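Each structure below is given as structure tokens.
Both complexes shown next keep chain A, but they swap its partner, so chain B is in the first and chain C is in the second.
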Partner chain A sequence: MEIAFYLSGLVAVLATLGVITNANPVHALLYLIVSLIAVAMVFFSLGAPFAGALEIIVYAGAIMVLFVFVVMMLNLGEGVAAQERAWLKPRTWLGPAVLAAALLLVLIATLWRGDIGLVIQGETLTAKMVGITLFGPWLIVVELAAMLLLAALVTASHVGRMAPDKPATNRETGARGDA
Partner chain B sequence: MLTMTHLVALTPLILVCITAVAVMLGIAWQRHHAGTAIASAAGLNIALLSVLVIWQMGPVETPLLVIDGLALFAAILILISTLVCVTLAHAYLEKYPGPREEFYLLLLCAAAGGIVLAASRHLATLFFGLELLSMPLYGMLAYAFRERHSLEAGIKYLVLSAAATAFLLFGMALLYAQTGRLDLAGLAVALTEDPNAWALAGAGLMLVGLGFKLSIVPFHLWTPDVYEGGPGPAATFLASASKVAVFVVLLRLVLVAPAFQGDWLHGLLAVLAVVTMLVGNLLALAQSNLKRLLGYSSIAHFGYLMVALVIGDGLAVETVGVYLVTYLVTTLGAFGVVTLLSTPYSGEDAAALHHYRGLFWRRPYLTAVLTVSMLSLAGIPFTAGFIGKFYIIALGVEAERWWLVGGIIMGSAIGLFYYLRVMVTLFLVEPGMQRRDAPHDWGVRAGGVVVLGLALLVLLLGVYPSPMIEWVKLMAVAGS
Partner chain C sequence: MNWLTPQVVAAIVAMLQAVVILLAAVLLGAVMTVVERRLLGLWQDRYGPNRVGPFGTLQLVADMIKIFFKEDWIPPFADRTLFVLAPGIAMASLLLSFMIIPITPTWGVSDMNVGLLFFFAMAGINVYAVLFGGWASGNKYALIGAMRASAQTLSYEVFMGLALMGVVATTGSFNMRDIVDAQQGMWFIIPQFFGFCTFVIAGIAVTHRHPFDQPEAEQELADGYHVEYSSMKFGMFFIGEYVGMVLISALLVTLFFGGWHGPWLPPFVWFALKTGIFLVLFILLRASLPRPRYDRVMSFGWKICLPLTLINLLVTGAVILLAGPA
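After this line comes the complex of A and B, so read on.
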């Protein structure tokens, strides 16, 4: 299991390097998805399947899809098809694919050995235990997280507001408006 | 598990959160500026009263928070400065084009974060408190986001604060990896048994994260820009409540965790303290903007305060208490005047020193308040600042840390120059100057009354400090 941990950790680090060195946002996002899945694998190998599943569902699933959508929508209006074709060069998808293949290998190897509940040490943390901790002694942290999200939401909605009287065009980039 | 006693002890926090939720619902139902301000002020006042009641209870430890003397002391200071900010914001935002009510919501959330931070006895609440304190501040600093400077301040604080949080989290992760504990008491025990380099690195990284929020010198670069760009009430909150909360939690860490009491880290703290005082004061010399100047001055003041952290025994807690009270009252006064002069909102704040030239001949009372604040910041006798500085120097002399004492004296001498320069500007007569200004009914408005009250408090604490010192002593006894 240690091998799975270190391999996933290595993939996570390499994929994150890919995120920050890539100039193209969509390519960077591909790496980010791989990185998040690798972190989820790390959680699994540490015996926290609940955290791992959440990592995949919430981050790699919902949030990343949102990111990809927004980035794609911002690029509308240009030669989309040509760009899509340009993006599909091997040197674009090869990196994420190799890293994802490494993760798949780890997964298959673990399944091959047959023991699903295998962890490095300690006992497996189930969703029930997480729930009991979170809504028992850690209740205050849950409430604080709610306040934190409220503040973040209000901040974002306030700063992101468009002026009622001005045309909503960014003159420097033309990112919004007539299109 | 949370019991009834815990809930009672957490009343101030719960009240502030309830007020925030009520304000949110109120905004969703119908926007009303004055109503929102009054509701926020009422909620904060009730929370303040509840703190005074809980003071009788003695220390209570909930699973993640500890409500002791230190936490309640910090809660009182935070609630008072939030109240001052609400009052200032009400006048400031009156003419603000665009939604005004959200500011109070953010202010209340930040106050709740400060209370949690000061009461935390667990790394989880420490982190959440710090984030709940910082997150609304991004919004408050960028509140007038059509102003370039305000938006710049917000984004600068957001990016740098996120970097500092990353350091803090990494430090926590290292400590957790070493000890397997997240509560401060458990950490302290585990680290005493097995002190090693990783734990030291973790403690150092946490120090970086907290040092950023306190703008201790190598991490101070954001301070002047953010103070200058942020709207007046937001800058006031940043300079007062936010710093008090972070300093209290740092004090808690240093007092509790042995990793912070090692020689190496202690030496580092001492060097940082001296560098912070000197650099803060030297950089303030060249400023021509009052808000930037106050920003650098707050850097220097936290350099002085760190002396108490370095010494860390004897009167240290009492000194921190006295100094925080005097610093808070003075800073609120100074920022209050800057905010009142920029009231009502009409673009960038009037903070350049030339705005203040000859202010005495137009607004004598406001000038008096600012003069008292400057004298207090400089630590002149008969003002609150003198009492605070006296405590710090006494502590340094008693512990025979001559380098630190020398740093304080050097810093104060440099500081005197630029504080006096501001005061001279206030009284300069300008040829062809207007004798009167726009209608000034500021004195009868709530903001004016608060600022005048703060100036009187500065003088009162300077002349007759013993009630305050008694109160802080009670806090120090209950806290340790």
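After this line comes the complex of A and C, so read on.
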């Protein structure tokens, strides 16, 4: 399983680099989808298939579809790709890259000092165990997340509401428009 | 011959099984194209394709030869990478889902404990085939078709998952073999009738079959997301739709009709018979129902099916708690 872990980790890193460097927005999103699937594979190889499946269903299957949907609706042309390419000059990314590399060094140093002997055990975390953990010690977090989602739902339905003074289109009456 | 240990033999047998199931799924999808045309013909009081071979049995061969030798044309205004990738996603994501279906007690590719979630994941990825195919074509109609398809599939996938949670809660597992074994006494169609109804509707919508074929409505969109596709690329979209039909039928049998369980006949025959009935039902739906308007499809999904599945899940949970020992 360790080979699977490192391989999918490598794919995730490379795909994420692809997201950043690709000038075409739709191609960049395609790389992002590959990256999310690779992260799901990392979960699978760590023995958490439930988290892996949810990663694909929620992130790759639902959220990214909306991203792609919006980008396609905007119909970004060659001008955006040229703009993206202009932004990818070394002068723009060199500073943040150096700073991020410093943080990466700190991260590697921390990981190196820890228990390096730990390997993947190969135990599988079932959906039942995830549920028991979520609705046991972490119940308050689940409830808070539910409340946050409810607030988002109320906001979305308020924003998407039809203005009351607007005359009803045939979307509501449904009488015509079949032709 | 000392390398031929029992493990190696088991691995080879499992691989052969997987290949046989894969080929059978593709072949069944291809055969369904002709079966559908014949059945539609019979129900509409005409013959359908009956010229090639005895009773039109070789029509499939003729179609395959035709589609292989057509010019494979990629429009100059298309996005080549995605244009080529999209039919592959359409086919691969659906075929991968066959992995989780237990055909008989001994036949089946994978026995994952997240079985059902794997199907949802693959159904989620399948949306990209239509979305990328429609966008990469660089065609207005294709783009509108792709937009419709993604909105429709997203809306119906929400309650497709919820519709099956009643089954999962009753069984207490996502594993498909556990679900089949839990139906030895009574098939889940009886306690989970509303789950079944909503899952059938969602399944048809997710495979873009009639009457939920808004993404490719001929009258409005000229063929929707695959209008620019030709030759085998179109063939993969086309066969992919039928493979999806076979997949949903097999899932319905596994989840609600007891899988391979049944008296007298061997397990495989029961599974094949039940799946066949659902395939014919899919075609009958196409033959008998008109296509509803797009906004009505969406409001039906959100306003009727979603609340229905939520109530179904609530009632199922209450019954499990009342009947359970705890």
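Operating definition for what follows: the second predicted complex is superposed on the first by the 101 of 179 C-alpha atoms of A that agree within 3 Å, B and C clash if a C-alpha of one lies under 4 Å from a C-alpha of the other, contacts with A are read in each partner's own complex, and residues count from 1 in each chain.
Here, contacts are C-beta pairs under 8 Å (C-beta built on N, C-alpha and C of every residue); 3 or more make two chains touch, one makes a residue touch a chain.
Because the structure is a prediction, the values reported are computed rather than measured.
Engineer: Taking the superposition as given, does A:57 touch the first partner, chain B, the second, chain C, both, or neither?
Structural biologist: second
Engineer: Using the superposition on chain A described above, determine whether A:33 touches chain B (first), chain C (second), both, or neither.
Structural biologist: After superposing on A, A:33 lies in contact with chain C but is clear of chain B.
Engineer: When the two structures are overlaid on chain A, which partner does A:68 contact: first (chain B), second (chain C), both, or neither?
Structural biologist: Second partner only, chain C.
Engineer: Please work out whether A:152 is in contact with chain B alone, chain C alone, both, or neither, and reply first, second, both or neither.
Structural biologist: After superposition on chain A, A:152 lies in contact with chain B alone.
Engineer: Which partner, chain B or chain C, is in contact with more residues of chain A?
Structural biologist: C
Engineer: If you stack the two complexes on chain A, which partner ends up touching A:124: first (chain B), second (chain C), both, or neither?
Structural biologist: second
Engineer: Considering only the contact definition stated at the top, list the common interface residues of chain A for chain B and chain C.
Structural biologist: Comparing the two interfaces on chain A, one with chain B and one with chain C, no residues are shared.
Engineer: Can you name the residues of chain A that touch chain C in the complex?
Structural biologist: Those residues of chain A that touch chain C are 26-27, 30, 33, 37, 40, 49-50, 52-54, 56-57, 60-62, 65-66, 68-69, 72-73, 124, 126-128, 171, 174, 177-178.
Engineer: Under the definition above, what is the set of chain B residues touching chain A in their complex?
Structural biologist: 1-2, 10, 17, 20-21, 24, 62-65, 98-99, 102, 105-106, 109-110, 112-113, 116, 124-125, 128-129, 131-132, 135-136, 138-139, 142-143, 145-146, 151, 154
Engineer: For chain A, which residues are in contact with chain B within the complex?
Structural biologist: That would be residues 136-141, 143-145, 147-148, 150-152, 154-155, 158-159, 161, 163 of chain A.
Engineer: Which residues of chain C touch chain A in their complex?
Structural biologist: Where chain C meets chain A, its residues are 79, 81-82, 112-114, 117-118, 120-121, 123-125, 127-128, 131-132, 135, 143, 146-147, 150-151, 154, 157, 161, 172-174, 293, 295-296.
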